[in-house]
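In the two assemblies presented below, chain A is common to both, partnered first by chain B and then by chain C.
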Partner chain A sequence: MKIIKDIRDKIRPHFDKGARFGRFYRAWEAFDTFLFVPEKTTSQGSHIRDAVDMKRTMVYVIIALIPPLLFGIWNTGYQYYQAVGIDPAMLEAFSFGLIRVLPIIIVSYASGLAIEFLFAVVRDKEVNEGFLVTGMLVVLILPATVPLWMVAVANIFAVIIGKEIFGGTGMNIVNPALLSRAFILFGYPAYLSGEVYTYTRLQEGHQLVDGYSGVTPLSLVAEGKTEALPSDLSMFIGNMPGVIGETSFAAIMLGGLFLAITGVASWRIIISVFAGGIFMSWLFNIIALNEYMMIPIHQHLLLGAFAFGAVYMATDPVTAAQTRQGKYIYGFLIGVLTILIRVVNPGFPGGVMLAILMMNVFAPLIDYYVVEANIRRRMKRLKKANIIANESKP
Partner chain B sequence: MSKTIRLRKGLNIPLKGEAEKILTNAGRSSTYAIKPPDFHGLVPRMLLQEGEEVKAGAPLFYNKHDERIIITSPVSGQYAGLVRGDKRRVLEVRLKPDAVDDYLDFGSADPKTLSRNKVKEKLLASGLWATIRQRPYSIIADPDDVPKSIFISAFDSAPLAPDLDFIINGHEALAFQTGLDALNRLTEGKVHLSINEPQTMNKTFTHASGVEIHRFSGPHPAGNVGIQIHHIDPVNSGDIVWYTDIQSVVIIGKLFEKGIYDSTKIIALTGSEVLKPRYWRIKQGASIEELMKNNLTTEDNSSLRFISGNVLTGSKISRKSYIGFYDSQVTVIPEGNKPEFMGWLSPKLNKYSASRTLFSYLTPWKKYRIDTNMHGGNRAFVISGQYEKVLPMDILPVQLIKAIMINDIEMMEKLGIYEVAPEDLALCEFVCTSKTEVQSIIKEGLDRLRKELS
Partner chain C sequence: MSTNAEISKEPLFSYKNKKLITNPIGKDNPITIQVLGICSILAVTVQLKPSLVLAISVVAVMGLANVIISLLRKTIPQRIRIIVQLTVIASLVIIVDQVLKAYMYDVSRQLSIFVGLIITNCIIMGRLEGYALYNKAWPSFLDGIGNASGYAAILIVVGAVREFFGSGTLMNVQIIPDALYAIGYENNGFFILPPMALITVGIIIWIQRSRDKELIDAS
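== the complex of A and B ==
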């Protein structure tokens, strides 16, 4: 500790404005504030400040992402062994998955970090912690078979187009991670649809089992094969094909619970996304024109990335509605739209991504009406006061 | 009795160093000072030559914008010069006190028998007009206005705030009622006195006459007069209400009872770095130097923050500086000028957060020694819903702040800027993850509006 501090004090002057490495001050600052909470004290306003800061908040989101990540790593291996007809040991499946997923994480962070530092140095602003979360989210919404160059492209796209052109974390309009996924989905559809969810580059001596199809349960339903769905329990646990982070309802709920209890994500949004989903599936159950409309409500919530979107994507505070009432409306509509897109347009099985992106765009509009309502209350009060004042005049 | 207004939103920050209920008379300070920056929007014009003798209640300076508003001397003695800051701004008007106060006589009178104009004149002449402030803007009231109503809060909910029940008793109770009578002459509307449920027990408050009593319950900022106005008789665009504090009411009462400006007030000396946090009876403008003698955890002044007022809204002063005009509390807390290793990751068991990202919410009984560290860097708005949890008003704080930032005057008015003062949003500033300077932004917005509309 003391040694680190001494080294820090020694290096520091070189990065001051005008010193030899002055132009890299922001990069230095990022490392420095990563190691130490700065000694900056309050100079105006409140003399004391809450001990929470943006770094800690972002780190909490990453902690919440650990359960789906760990499960996703295991599931990557498990699905492979299923495909070749082997029942793997827990550790075997996990280590197989780790070898595939770890490079994706590393590439994701390295590319995000590089871009973020570049922007910080060029624009002379503090490095935003947001990329720590975006970098992990991007990994979790891609299949394990994704080529590494594409991970880098996705991340760079997320940071630049999703965030930095608007001015950085806090200024962006749509969720950067989802935007990059949409970019890949429409730009390189071959990598994100069909049988990409399971590792099929076989190891020596392994052979695919007969009739193996690595399609996700969601595609099964879209094709009308509702009878081929996995059991509810296995959809709850998540040992089914899918993108890395989305499959396990249980793991996602664990993360969601953590986020809601610590208050990092808005429980209002999470709850209302589920409410919207339940409402829409119930409505389809009543209409019941085809197989897809008839699948039970609970299966809708277990399928695809519904839960992942509700917990980790819809709750991004920057792109969600900001007002309390707005959050309920925003979340509810995400739930409704997700099921609507899913059922009515089976061309896009992953309705949640599009639903959230769309509601991201509409969130300011929702807020606008909440704000207008507040303004109207104040106007009404003024009018009433004026009437009373006029009446009391002789 | 009116029904209790229950506020759920807000936050009581659990700080160490609450004042023990022991009252001591402080000795006379070697110097006293009035600090013109305490009076927001006032530009002082001096009325004295250095070395001139003044009696207690004699004018020191007047407001350049309104000559009727004068600030008078809290003690009798010698005018000992000015302390100026940047751009020659007057920071302190210093006085060297006599051993015993010699008061200027304003003549005693029963305010009930006086006309509104007579009451006003007396308050203006004695300098006590400055104790009455107005909303919007939190500036000294304009003598030409007739306020819709007058508000007084009989409890202070700020961190480590003095117990106002304890402060007012004995002969002060009589003066308090006289002061209320005087204020009653100033408005055609009502005088509203807000008390706390269940804490306010003092009969002086609960049985005050000629006023409407309101009960409030809930965490800070329930004791802020701005919050109370919002719930009792909100400030609409164009409205003006006045407010003052209970110790000023007592001082006004004494003016009418005895005909003198008796600037005695009681302050609470609080904070984790004070060895014996207690109540002190002082005169307005007293130096805190005496109170600090052998009473601090460390003699190293650079590691301590001295605050006149509470930790949320008070002003930073030095160890030898003076108590602010409107303050009834002095707080001493540690400076946080030391880096903290890996602070974003460590559990921070001894740190306090209103959020649940630290563990302090699991131990609600624990009190904390909070220092002045910012605990993080400044960021854009990211987390939403944080401010709303600590602001018990029907106001959208983030939207209001953004309207101020982009200088959208119409939007500021629509979103209710007239109803707030920086102090009402002080907790928003405390809890902010992005470390936004909320109070300065609100102040900036109000100043801009005031300039625009005058």
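== the complex of A and C ==
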């Protein structure tokens, strides 16, 4: 540790204002604070600070993303070997998946962070770590087959249009990771159609199993083939075709539990998203006009990215509702909209992304009315108290 | 009469008159600064050709409408001025529509209702109300051409950007080489959807304001 600090102290002066690399001070600072706690102390006002600052919060989210990521890497390999009819060893599947997923992670981080650093240097503001989370989330909501350049283009678009235009981390209206995915969905729909998620560029000596389709369960349902769905247990564990990080309900819940206990993600939002989903699928069960509406409630929650969206996307502290009641309304509506889009809209099989993006936009409005309602309630209470006080006067 | 003589001595392209044309293209652009005429920007800019045709049509209609209203300005009763303006614009739009139908039938079909909707383009009415009703024919003409060019410039830029990224072509001529497609490049379908027109206009506004700090409003 001492050695690193010595090196750091030696390089440090070069990045001071007016020194040779003074222009890149912000870039230096980002790495510096990544390794060391900032030396700045407050000169006035409150001196007590929580050790969990923004950087630490981001790290917590990254830790929570590890279970779905590891599972996703394994599943990418497993699905490939399934497609060629081989029963792979654990490590074999994992290493195959790693070769496919790692480049996506690298490209995602490189493209997003490049833009982030560029804006930090040009605008002379701190580099924010938001992208460490966003970059990982982007990977987890894309299929392993997505072309790398598409990931880069989508990320650059999402960081500039979704975040920097509004003033950087903390000012964005919609979730940048979802915006990145939406960009690919609308720009290159063929790559997110739910039928091309398994890696099928075959290795030498491998051959596709006859009649292999590799369609995701959600697309199966959308085509009306509900009987072809995998078993509930396999949907819970997640060894089915799908986007890298979303298939395993179990792994997502593990991360979600960690986030909820540490308080990084709001458990109110997670619970209410599920409540909304359960309510809407129950309603469809009652209406039951077609095959899709009759899917049991628990399968709706296991299918597609529902759990992933509820745990990692809807709880984004910047774009979610801020007030307590607002969080319940916001989450509930996400759940309702997700199932609604899924079942009623024939265009896209998945609904959770569009539902969250939509509610992101409405979150400030929900907050506004919650605050207004609170003010009205308290005004009424005040009036009542005044009346009582006046009456009790002699 | 002396004042009239002085004005008539003013050169055709005096500083003031030149400003009438250059201002609306830059600092006082009807789209990026006044945010008018957004609907047609969203609707017709999927490709460059219809954008170009609509841009030229608007320039023609606006220049002529301004001149006509300016010449009539002393005879138009205040109370019915809007209806007179509308009649003038509508007649000009019908002429443009007929010309398009006669000579560029495919583009006319592509533009469909948006040629007719030039009538409702707020920029035209705004300039008639705000300028042509109170000024002489020549400056009015320049003002009309200037504002229409400001509108046209943005329309053409957005059309070019959207066609280039959305279809890989410009004026229906393929620009992006086949070699690029061969290594995996794809056209972006998002650019064909209306939201991208809005985002492109937004980016133009962003660039314009960050280059000219005067334009940034305090709020």
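Operating definition for what follows: the second predicted complex is superposed on the first by the 378 of 394 C-alpha atoms of A that agree within 3 Å, B and C clash if a C-alpha of one lies under 4 Å from a C-alpha of the other, contacts with A are read in each partner's own complex, and residues count from 1 in each chain.
The rule is short, and it goes like this: contacts are C-beta pairs under 8 Å (C-beta built on N, C-alpha and C of every residue); 3 or more make two chains touch, one makes a residue touch a chain.
Predicted model only: the values in this text are computed from it and were never measured.
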Touching partner for A:183 - first (chain B), second (chain C), both, neither: second
Partner chain in contact with A:381 - chain B first, chain C second, else both or neither: first
Partner chain in contact with A:324 - chain B first, chain C second, else both or neither: first
More chain A residues in contact - chain B or chain C: B
Which of chain B and chain C A:57 touches, first, second, both or neither: first
Partner chain in contact with A:14 - chain B first, chain C second, else both or neither: neither
Which of chain B and chain C A:4 touches, first, second, both or neither: first
Chain A residues contacted in one complex by chain B, in the other by chain C: none
Chain B - residues contacting chain A, complex: 13, 15, 234, 236-237, 239, 305, 307, 311-314, 316, 331, 333, 335-345, 348, 351-358, 360, 370-385, 388, 394-396, 398-399, 414-416, 422, 426, 429-435, 437-440
Partner chain A, residues of chain C touching it in the complex: 184-186, 188-191, 193, 199, 202, 206
Complex contacts: residues of chain A adjacent to chain B: 1, 4-5, 33-42, 44-57, 59-60, 126, 128, 130, 167-171, 261-264, 266, 317-318, 320, 322-324, 327, 367, 370-371, 374-375, 377-379, 381-382, 385
In the complex, chain A residues that touch chain C: 147, 149-150, 153, 161, 165, 183, 186-189
